[in-house]
Amino acid sequence: MSNEINVRIVSPITTKGFRKDSDFDIIRNSDLNISHSQIEIGPASIETEFDEAMCQPDTILKIIDAENEGCDAAVIDCMGDPGLKGARECVTIPVVGPCETAMHYASMLGHKFTVLTVLERTKPLIENLSKIYGVSSKLASATSVDIPVLELEKDLDHTLKQMTNKAIQSIEKDNADVIIFGCTGMLGCADTIENNLKEKGYNVPVIDPIPLAVNSAYVLAKLKLSQSKKCYPYPPEKGMVGFEKPKLKAVN
Amino acid sequence: MSNEINVRIVSPITTKGFRKDSDFDIIRNSDLNISHSQIEIGPASIETEFDEAMCQPDTILKIIDAENEGCDAAVIDCMGDPGLKGARECVTIPVVGPCETAMHYASMLGHKFTVLTVLERTKPLIENLSKIYGVSSKLASATSVDIPVLELEKDLDHTLKQMTNKAIQSIEKDNADVIIFGCTGMLGCADTIENNLKEKGYNVPVIDPIPLAVNSAYVLAKLKLSQSKKCYPYPPEKGMVGFEKPKLKAVN
Amino acid sequence: MSNEINVRIVSPITTKGFRKDSDFDIIRNSDLNISHSQIEIGPASIETEFDEAMCQPDTILKIIDAENEGCDAAVIDCMGDPGLKGARECVTIPVVGPCETAMHYASMLGHKFTVLTVLERTKPLIENLSKIYGVSSKLASATSVDIPVLELEKDLDHTLKQMTNKAIQSIEKDNADVIIFGCTGMLGCADTIENNLKEKGYNVPVIDPIPLAVNSAYVLAKLKLSQSKKCYPYPPEKGMVGFEKPKLKAVN
Amino acid sequence: MSNEINVRIVSPITTKGFRKDSDFDIIRNSDLNISHSQIEIGPASIETEFDEAMCQPDTILKIIDAENEGCDAAVIDCMGDPGLKGARECVTIPVVGPCETAMHYASMLGHKFTVLTVLERTKPLIENLSKIYGVSSKLASATSVDIPVLELEKDLDHTLKQMTNKAIQSIEKDNADVIIFGCTGMLGCADTIENNLKEKGYNVPVIDPIPLAVNSAYVLAKLKLSQSKKCYPYPPEKGMVGFEKPKLKAVN
Amino acid sequence: MSNEINVRIVSPITTKGFRKDSDFDIIRNSDLNISHSQIEIGPASIETEFDEAMCQPDTILKIIDAENEGCDAAVIDCMGDPGLKGARECVTIPVVGPCETAMHYASMLGHKFTVLTVLERTKPLIENLSKIYGVSSKLASATSVDIPVLELEKDLDHTLKQMTNKAIQSIEKDNADVIIFGCTGMLGCADTIENNLKEKGYNVPVIDPIPLAVNSAYVLAKLKLSQSKKCYPYPPEKGMVGFEKPKLKAVN
Amino acid sequence: MSNEINVRIVSPITTKGFRKDSDFDIIRNSDLNISHSQIEIGPASIETEFDEAMCQPDTILKIIDAENEGCDAAVIDCMGDPGLKGARECVTIPVVGPCETAMHYASMLGHKFTVLTVLERTKPLIENLSKIYGVSSKLASATSVDIPVLELEKDLDHTLKQMTNKAIQSIEKDNADVIIFGCTGMLGCADTIENNLKEKGYNVPVIDPIPLAVNSAYVLAKLKLSQSKKCYPYPPEKGMVGFEKPKLKAVN
């Protein structure tokens, strides 16, 4: 009998091909199996509060699907953690947000952390999340590279250079001890940035949120820990217009 | 030419007949015109984080409609303020949340306030909103009458009695100086509760959030104040699957 | 019978002629009647903690007069909100402070706000008020134009230029999304500053505290809301030397 | 030549005979000289925000007198610390508030402290002071004996019993580690309360604010430390109606 | 070649036999190897601030040994996290504190958490740690079973009953959504407590800190993340009397 | 019989000759007697979290000795306040930390204070202490002169120049109103720095922590106040390996 833990990553954007299954190879290992799904209703990418709102319904429905399909945990593939609380109500398996996980781990690895986001406009969102997650006193700053999500890979050299410069700035000016990538589209760049910083004399951890969130989901599933049903109780059955009615495993 | 201010109230639930146009007669006056709309996609009522997530997309779209139809301000008819931030990005007219408005006014009227919600499960939601709105130090408590939204009017006497008892408890145990109704379904009950409290010797203001939010929207529109476009900039145009594409007035 | 709301503005300074009745014409409208009074004991202007202390006794007595003369609400004409809490104890009508009101509205209109004061020395005062009002986490900064109150109009062009420059600085360096005038002597300048900022590409609301406070007082009076008598109970009768004994309406 | 430190205690109430000079004998010692003055304009006692406001002008003027008469430090004889900030601007000698001093010392002596006030209505005042003084996280609670200031000595046995009971309650329910007297009218009762608590098995320090404030003033004067003139700069000369113009030593 | 991660658990107490190697069997798995060491200088158990201080030097030295012996991460076996910060300076491998880890995970699993400690006296210690770790707003309460560490297993039935009762109390009175064991001596009891709570109708996660900390250390080592050397730089070489001089791997 | 108060200063470093008895002459006076001791086990100086941990055991033991030798109070001679909480448990006499005392007095003397430390690396330590002491909202900044403790006197001119420059920077950039020396090795330099600042136009108090802590200890002893035994109860007797067993006066 297998001890494998099955983690489902749900991408809350409708752009096809942004994620390839092989993107997650660096995270997979012998007892950690990763599957991937994507919303079918919602925005092409997430950069605004408006996008966050539009992607939430189907993100939650896709996480309900994950539980029904036998997954042991689900990870939301966006640093705004859209749908996190709603999804936690609907399922029994742990639902993990990369922003929440990265902020809590960064709080442990250093005195203060900076979140390196895509656009200036997402800074208040990051600050608000840090307040709800309870770690606002550990947030050194939120800063941005000023590149839209879907253009991060257009000129990857420029993107990496911007990320490095902004990381250095946050270390020198904001006293950041840890850098968190503020967009899951930056997946895979942590080693490069960490090395660039080391060359400048800064030995600080750089958190790539998706690998960390997946491993955190793995730990929770392994230890049979999940969100508290006291504060995330199942939603009561009620009328729902325009969306498929969620088929909650726990209630059936 | 008229100096009338047109305020649109958007109910983020799909249950028909829950709101009658005459419900708002107590708020209307000579230079305050009120219109009402309701979402067509989403839950029957709002009592969970899941409901909040499901109602947001169409709530925002209905607020965009309000601006396109010439309204001067929009008020969301739910104490979770669903879609507030997303809607503020999409329009130029002020978008007002009854929870946010009530919490800030209550902070002015007393040292601490209590929010009287429908169900126990909404208490963390209220606490989280108070953190984001910046007034968590003024929140005495969130308490509940333990009656689902759609059943508040089933046995109105019981509902009012429960509301009175819970208000007294929050005054005596939690040192509340002001009571806020935690569900816009309690509309119209403030006088009764205030009088019940007076009979028990407690002279405390009871805030009925919708009349306050509408009047606050009126003030903003009259003074030509609205949400800052620095932190609520218009969303960039991008692909959107499964929802009508928003027709933003400011961008067209 | 009239539905008019009568709001009394009380200026807590003894300088004659600083306020003209016509100053308030921009705020008056069909159902909002404004009267004005001024203290007779106290400082020429308010710029220090010392001034705040000296102006409070007569400010409170003038607000008691306002209630006795039939006003429906009172507004204190100074951004230090001197006498606010003491006056709230003495009367039943709502007493409104422009600083408190502006800070709470600014908290709703943006993620963070800046208060643009007259002198450097008032910055700690503004920070302390934000702590008591419960919104210190929303205060981006307090900054100053370095011009004494009674000289604001001496060289109005210079004053407006300074205000614009300091507002821009607070937007760029402190991440302010909303600007609040930190002195009620800046009354009437909001449009100019807002336009100056727009020309520089910043679309941020500028709050002129007196019009906002008066309209907020109007809303409270209309909705029959006032400060909680639980935390602002009437003062007990007791000896008072050197001031006229207050004639409290509620107690007589 | 004498190394004596002269500390002036200023009572901000107009009731004659409430303080006798011999009240301070327990504090005097070889190099600590104590003098006493009292306001001539203001309320009979201080129990309300209104009283606080009315007593401030003459309290500040009496502290200016203290400096002009050669005192080395001044202590305000009221737990609301009325006029503290205004007086600090006007003089160079250290001005000490018993509430501020007691809260900071209590923060050092235990994990949390409780302030035992006279009336329920002063609880928000205590909480607000703790916010401004920066120690709100150390405040376990503010509780009251429900006896007006001028009646504390009417039935001293009852007063002491109430104080003991309320102290025990705050230890058991609010986790207080230190008790602060919330009214300087309780002067001299600390030993009794401390012993009463010891009999009940609670070994907690009880702070009598006036002796502590006077000794703290003595320490500041001895070490030539005083309030920062950066945040308490001298007030500019300006018109003042109805009060004697302050004769500031530093400016003359 | 093996991909095994080697985690060293360091028990900061000198009592022999308190930990058996088999205690950790429930945590071990195919790619997670656990070794164990114990301090030789220090107290028999840890229940006081005094004990915390006395155990720290050798705890840090044993963690330095762990790195020198090839371990990939170290976990401190005490909920006071003694020596955590000092050890992080001395080594390159991640050093993990069970209290810090449990508090951050609990912050993710629920709105608020309670720490169930051994003795009343450790409650301020827990509150202080929550402040430094940045999650004090998520702490519902610290409560105690009032049983010394070394007696937890004397009457295990009584201990489990007390733990259950106190957990229920913290759920009902303090609104705890998650329970954290406040002493690593409670290792292995989570399932029992979780089931007891379920029987009472409370579906809340119970965190056993050591298994969580070890798995968290495993994740950090696997992802090559460790404490930031910006805020935990290596200590400079200097004289040390009475302790063996630490042999830092990174510096040699 | 003498009324002299005996204060013991305990230096938590093993470097001989760093402190001369005459260093404390400036603090001694007619009724304040000062004695001095030094640890025999621990680091040469304190600049790291590692040093803090290593010096704590013997610091606590030396404070127990102080009580046994008849001292009335003890002061720890290091701005990290190492062993403060542990020592408070072990003795009945007040134990005073210079950092805690300086931070609380600075909170009274100004709106915000800066701590001027030796090395950059101690900044998080200062910030964490301010959180535990409850005054983090009063901390303007922690800044450093970048000179190791044992080299402060090597080039005293350079040291004083650096201290002045950093103090000015914290006044101008961080809005500090008060400067605290962040290392007790800076003893005796306050007058010089204060004068240097005055020459630059800044009239701000400079706190030399040891004289203030000693005088604060004197006040506590005189007023018979000490740490609360509710939160600092005596440690239970238990096994202790490698350190002499503490001989607690209160328990014997």
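Should a chain be cited, it is by its letter among A, B, C, D, E and F, assigned in written order, with residues numbered from 1 in that chain.
The rule we apply is simple: a contact is a pair of C-beta atoms (placed from the backbone, for glycine too) under 8 Å apart; a residue touches a chain by one contact, two chains touch by 3 or more.
Just so it is clear, the structure is predicted and the values come from calculations on it, not from any experiment.
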**Report entry** Given subunit A and subunit F, the chains that contact each of them
**Finding:** C, E
Query - Centroid comparison with subunit A (C-alpha atoms), farthest chain - result: D
Query raised in the report: Measuring between mean CA coordinates, which chain is farthest from subunit E?
Result: C
Query raised in the report: What is the distance, in whole Å, between the centres of subunit E and subunit F, each centre taken as the mean of its C-alpha atoms?
Result: 30
Report task. State, to the nearest whole Å, the distance from the C-alpha centre of subunit C to the C-alpha centre of subunit E. Result -> 52
Query raised in the report: How far is the middle of subunit D from the middle of subunit E, if each middle is the mean of its Cα atoms, in Å?
Result: 44
Report summary line: Two or more other chains are touched by the subunit A residues 111-112, 124, 128, 131, 136-137, 177, 231-232
Report summary line: Within their complex, subunit A touches subunit E through residues 3, 29-31, 94, 96, 100-101, 104-105, 107-112, 133-138, 171, 177-178, 202-205, 207-208, 211-212, 215-216, 218-220, 222-223, 225-232
Query raised in the report: Which of the residues in subunit D come into contact with subunit E in the complex?
Result: 111-112, 137, 175, 177
**Report entry** subunit F partner contacts - residues on subunit C that touch it in the complex
**Finding:** 123-124, 127-128, 131, 136
Query raised in the report: Touching subunit F in the complex: which residues of subunit E?
Result: 14-15, 40-45, 47-54, 56-58, 60, 83, 85-90, 121, 124, 128, 131-132, 148, 231-233, 235-236, 238-243, 246
